[in-house]
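Report on one structure; see the data block that follows.
We just call them A, B, C, D and E in the order they show up, numbering each chain from 1.
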Amino acid sequence: MIMEIAKLEKHFGGLVAVQEVDLALAAGSIHAVIGPNGAGKTTFFNAITSIIPCDSGQITWKGERIEKLSPQSISAKGIARTFQNIRLFAFMSVLENVIAGTHNHFRSFVWGALTRNARYRREEKESREMAMALLEKVGLAEKHAEYARNLPYGEQRKLEIARALASRPDLLLLDEPAAGMNNTETEELEQFIRALRAEGLTVLIIEHDVKLIMGLADRITVLDHGVKIAEGTAAEIQNNEKVIEAYLGKRRV
Amino acid sequence: MTLRNVYASKEGKAIGMGGLAVILLVLPRLLGGNDYLLQVATMMALYVVLASSLNLIIGFTGMYSLGHGAFYGMGAYTSAILSVNLGWPFWITMPLGGLLTALVGAFLGLATLRLRQTFLVFGTLAFGEIVRILIMNWSSLTRGPMGIPGIPPPKVFGTELTSSTHYYYLILVYAILMVFAIFRLYYSRIGRAWVAIREDEVAASSMGISVFGYKILAFTISCLIAGLAGAFYAHFVTFISADQFGMGESFLILTMVALGGTGSIAGPIIGACILIVIPEAFRFLAEYRMVLYGAMLIVVIVLKPEGLAGIKGLFMPTTGGRRRTTLFRREPKVAAVKAGGSQ
Amino acid sequence: MALLDVKDLVVHYGKINALKGVSLHLDKGDFVTLIGANGAGKTSLLGALSGLVQATSGTVTFKGGDLLNEAPEAYVKGGIAHVPEGRKIFGELSVEENLYAGAYIIKDKAQVKSLLERNYQLFPRLAERRKQEGGTLSGGEQQMLAIARGLMSDPEILYLDEPSLGIAPLLVDKIFEFIMQINAMGKTILLVEQNANLALQVAQYGYVLETGKITHEGNCARLREDDAIRCAYLGVNGNGN
Amino acid sequence: MFLQQLINGLAQGSLFALIAISFSLVWGLLRMVNFAMGEVYMLGAYAGWLVVMYATPNLGVALVAGFVIGWIVGWFIEKVAFKAMRGVPHIASLVCTIGFSFFLKELASALFRAETKSMPSYYSDTAFTFAEANISYLQIIMVVIAVVMMVLLQILFYRTKIGLAVRAVALDYRTASLMGMKVDRVTSLAFSLSGALAGFVGVLAATYYNAVNASMGFVAGLKGFTAAVFGGITSIPGAILGGYLLGAIENLSVKYMSSGYRDLVSYFILITFLLFRPNGILGKKAKL
Amino acid sequence: MQNKWHSLVGVTLLVGGATGAWAAPSTIHIALTAPITGDYAEYGNNFKHSVELAIEEINGKGGALGKKFELSVGDSKGDPKESAILAQKWTSDSTILAEIGDFTSTCCMASQPIYNRAGVIQLSPTASHTKFASGSKWSFSAYGTQYWEQPVMASLAVDKLKLKTAAILYINNDWGVDTQKFFKENFEKRGGKILAEESYFSGETDFNAVLTKLKGAKPDALFIATMYNDGALISKQREKMGWNLPVIGSSALYSPQLIQLGGTAVNGVYSNVSFFAKDPDPRIQSFVKTFETRYGNSPNFAAALAYDCVYLLAEAVKRANAMDRSAVRDALAATKDFKGLAGSITFTQDRDAIKSYKPVQVVNGDFQLVK
């Protein structure tokens, strides 16, 4: 288990967004979190990455407790993420967005930037090459000079993934990566995520596109109103009564 | 393809820079010893530095500051007090002035933990005023309202720099160095971190960028540069007093950044040059000079809110801003489109 | 005659094309639903149909009049009420003030009073809490308040944007009952939902929006049986499960 | 003397409080600050002075004139600096109001010439003396006006339809527009009202200090903003409370320390509250 | 857009460059630096008007050495930075013989090194900073420092009015601090006692607090080191507090506006003058009358001082019998018993003016000499 989450809880005022959720993540697996809108999935992600501090619970990453760390430290530990409502650096070029993702892998600071010494030049070159390689991978290499804000929706999603990968993470958290993508793009995405797993990356994914999830995920966790109601393989989930009732909706009226 | 070809082509920039450098170097010649114009040029260079340094805070990192006049003054006072009271040479007091200002700037940067937007504007403004009031009242150190006269001019290789041309070259070298430094910082890992913070703090922090650390760094470097500029100014005018570093200066510097364009290297440079030249060019208007100056400021900002050389749309949140625009600025309907659509 | 007729509506956000030519048709008394995934453009479409979002081209005809890119108040005055996503009630106003805000365009005080009474009858929960601040209500109550507030302008057509969002399942049922009740009162309803299953059960006619385009439309009963839709939106595996 | 300082502080506080309301109105709607507020106040004072000198010695008319001029100028600033610039950088609006501040001040200076103008005294007699402290009629009137203004505004905001619209727009302008509220018009109205209040206080201040000049606005504006933050910028009662407290604290601070540090006290309060209690004394609970 | 700015800069440079070539040696070219706009605009305009008036008079009488005076005016806004820019403008124009201005000491001192380097006379009508004139051999102050003025007021207070104690309220700037310091020194030297001192920042309008505090010290008299406008405000607020005691100020109070603004509250206030508009001297009377008819307001002390500065220069030119900057400077430095509107002027070693001051008092809404 690369990450273990125990009894994670987050309240907003009186509202319980995430309630005592446990989750164990196997290294090299694709794990999906699904649930109806407002089930607390994004809050769950935000709590894992410390963007909002959790109220209680433990998150263990490679044997180390990380729930009290800052977002940047969590990133430094090798956890990267994308956002549901795309948070690119709009007024940076596509390439720079990805280079910004490599931030933690380089050390040159004010002095290096001012003098452009050997280390700085090496690091800049390295980071640029790394970023370009990632852009090639997601198919955005040609648009590397555009402002990120000028990309179409689907490409912005790809760019966000490339940016997250730039920090060379061991775990990638994807928050609805297929939202706003058309069918071809979604299929490409699926292939892409599989390829990432093949490279040894662990992926935790929130998705609404059930088709994508069912075909992709090794394990699925279902949240409803902040509570974990089921976990298992795709087949198990699809046959779980609780899931069908709460998430897929029982026949009403 | 270059990294930043989004903004401008490198060749064009290089030619422009080269030309500009030559003009700047031979400017005293060009002006034929006209010290007045040289003085204007010197002031421009000084304010180019001040505006560029404020742009680090406002344009790059997306924070606000209306305390820049005070930082500038702090550098001036530190250097002046050290050289007048202790007789230390300019080349020691100037960096010390910058360092002290940087220290205070770092401290003020802590405030950004809690203050945002307009609150930061007023927080820094109040801070600036507190500095001014302290200077006024701490007479034993600062001579209070009497100011500090007789600040020695800098010496280079044993000779005092006294002529306008000397000062011009001194500040020119300083300005070029500082703008160059800012340029290099901007196009580096640090600059990217700043811009990332400006664009989206949450995303920046999840990319491993220490938001708070880089905000403090921006304040520190910005104040260092402003403090050095203040030290230069003190030894240039040889007399400083608290009223030279009041709110008016902070407003002026902020205005330069906003008018020229936030977030670009050229913006504050253009803004500083214009706001120094305009009052000079309007001299013939006598008492209506500043009326027109104010009016011009309003008109330019309304017509080009991002500034003359700013990035169009910068600081417009991609979602909120767009919606607001569609909500409040109703563009006239395009008749042709409608005719085409309503078959 | 159609109550609301939308043809080839195109919306751009900067260079991003959010709607790529959407056509809709609503008759009086209809209960129409619009389903689609996150980012498909549902909220943009509703925005463009209530004056919040500027459309690039297309037509929006309401009761025979052209409303494209009019100010939001023109839509409200025309008889359209938009209950926005996430309820968006005025948290610091009391329940009653929220309702009065909804009746802003109605000049006749007596009419406002009677609308208020009618809403209190429809939602007795709100009547109990009329002096309470909107922000202190529970999610379900807030949604009721948002719908009631929409009804306060006495609209002919009511847009509902994701009314099930973040609400406890029991209450979701309750709210959908209210919606059907409102429809039965003769109000036309355009329901935007992510919870496709639910939406397709309550509505009569449905549109499926995908990345800015309508990909399917038809009778809800028929849409429910459509394989592609079952697979993508109903969570039923397309490979026959 | 404590009592006298307190009374002086309250009289001055009434002025701060009214300017603070002006800031609160704009803040509530736009989450922005009008840097030219002090200059609107100054123009109001000139309007009042012109009326008293050249039309009628009636102070009421002068106050109305200040109100009207403030309304017009406030309306104009909103149209140029805020309306035309919505959805554009925050900093541009800020700088635009700084431009207005410059422009209006220098315009007044050029039009009316720079020297300080004398405003006649009204109701300056001592109404009564209480434990060695003198209280003038005008001081009483000022406090009464501030309180009446607050009550009127509370009625406007809590008892009228337009007030409801202002509050709704302040809370969520997008949703408010879905209710058919004309966001632009409501914003414009609140902005004009805030200008009108500033102009009105300008006349009051001119009467209290018997002087009008072009640079009188800046300090007043800054103190007004401080008072607003102090009491709670999102609420009118907060602004009033902040004004009175700031007036009292400033005046009492002079009693206990060198007057050279008087402004320091205000700025210190401003920074402290911005940092540690940005919602002011009344806190988040209080609302427009 | 940018191109336009470029051309604007170009035009400015050209125009500026051309001024150097307009040299017309047939005139005595002097420059005036004054705050025509900004917070001190009132004084700046007084400067400008009276200097224009003086030049017109001199030119009407044929000028000096047969040459007419020519004036260039620059607005410094009260901003030291602009004052320094103007100083460069004037000094780089070889036809300019001398400069009059600026109004504040800060501005004067910021531009002083420039005049010093270029060797151009800098004659300020009002700079009162004790370190100003002594800072450069080219700098002169026609104002007369408080060092000379305050003994007069202290003597009036102690010797004539028999006051034992006083409280001081002063504006926190270089002039205010000097005034306060020298009054205190001289008052205590004569056996008086200062019970309390308070300062305020420029722009303040509410003096109730400080006045109440000073009142608590129960002094015999109140000394106010302020300009006339603040002086009027202070007096009004003092009157409203019902605090009646002798009030003494400095020459800066002497302005018709003091009475206009202060009304009955300033009755009894002591000030002193070197320039007295009621002086029956026909020169003064004609100056006051011309000034009033032409500009619509009465001249204050600053106007008279600036007027004197022009005559000081004219006389220096005559005595030097040359148009040479350094000769005129020497002649100016040697000025003795120059009879100006604002009293007689003799420059000290440090080029500060020694002046004569006459105490005045406001009596029934009018300034009267204290007999």
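As a working rule, a residue touches a chain if its C-beta (ideal position, glycine included) is under 8 Å from a C-beta of that chain, and two chains touch if they have at least 3 such contacts.
Just so it is clear, the structure is predicted and the values come from calculations on it, not from any experiment.
Common neighbours of chain B and chain E under the contact rule above are D. Hopping across touching chains, the smallest step count from chain C to chain E is 2.
Taking A-C and D-E together, the chain pair joined by more C-beta contacts is D-E. Each chain gets a centre from its C-alpha atoms; the one nearest the centre of all protein C-alpha atoms is B. Each chain gets a centre from the mean of its Cα atoms; the one farthest from the centre of chain C is E. One simple way to say how far apart two chains are is to compare their mean CA positions; for chain A and chain D this gives 50 Å. Centre to centre, using the average C-alpha position, chain A and chain E are separated by 72 Å. Centroid to centroid, with C-alpha atoms defining each point, chain C and chain D lie 43 Å apart. Shown for chain A are the residues that touch two or more other chains, namely 149.
Shown for chain B are the residues in touch with two or more other chains, namely 133, 136-137, 287, 290, 313-314, 318-319, 322-323, 325, 327. Among all residues of chain C, those that touch two or more other chains are 14, 52, 71-72.
Those residues of chain B that touch chain E in the complex are listed here as 31-40, 43, 133, 136-137, 144-147, 149-150, 153, 162-164, 237-239, 241, 243-244, 248, 270, 273-274, 277, 279-281, 283, 286-287, 289-290, 304, 308-309. The touching residues of chain E, counted against chain D in their complex, run 37-42, 44-45, 172, 198-201, 203-206, 208-210, 212-213, 215-216, 229, 232-233, 236-237, 240-242, 257, 260-263, 297. Taken together, the chain D residues at the contact with chain E in this complex read 1, 4-5, 8-9, 11-12, 106, 109-110, 113-118, 121, 124, 126, 129, 134, 136, 205, 209-211, 213-216, 218-220, 250-252, 254-255, 258-260, 262-263.
Contact residues on chain A toward chain C in their complex (touch as defined above): 15, 36-38, 84, 149-154, 176, 178-182, 208-211, 214, 224-225, 238, 246-249, 251-253.
Against chain C, the residues of chain D that register as touching in their complex are 161, 164-165, 167-168, 171-172, 174-182, 287.
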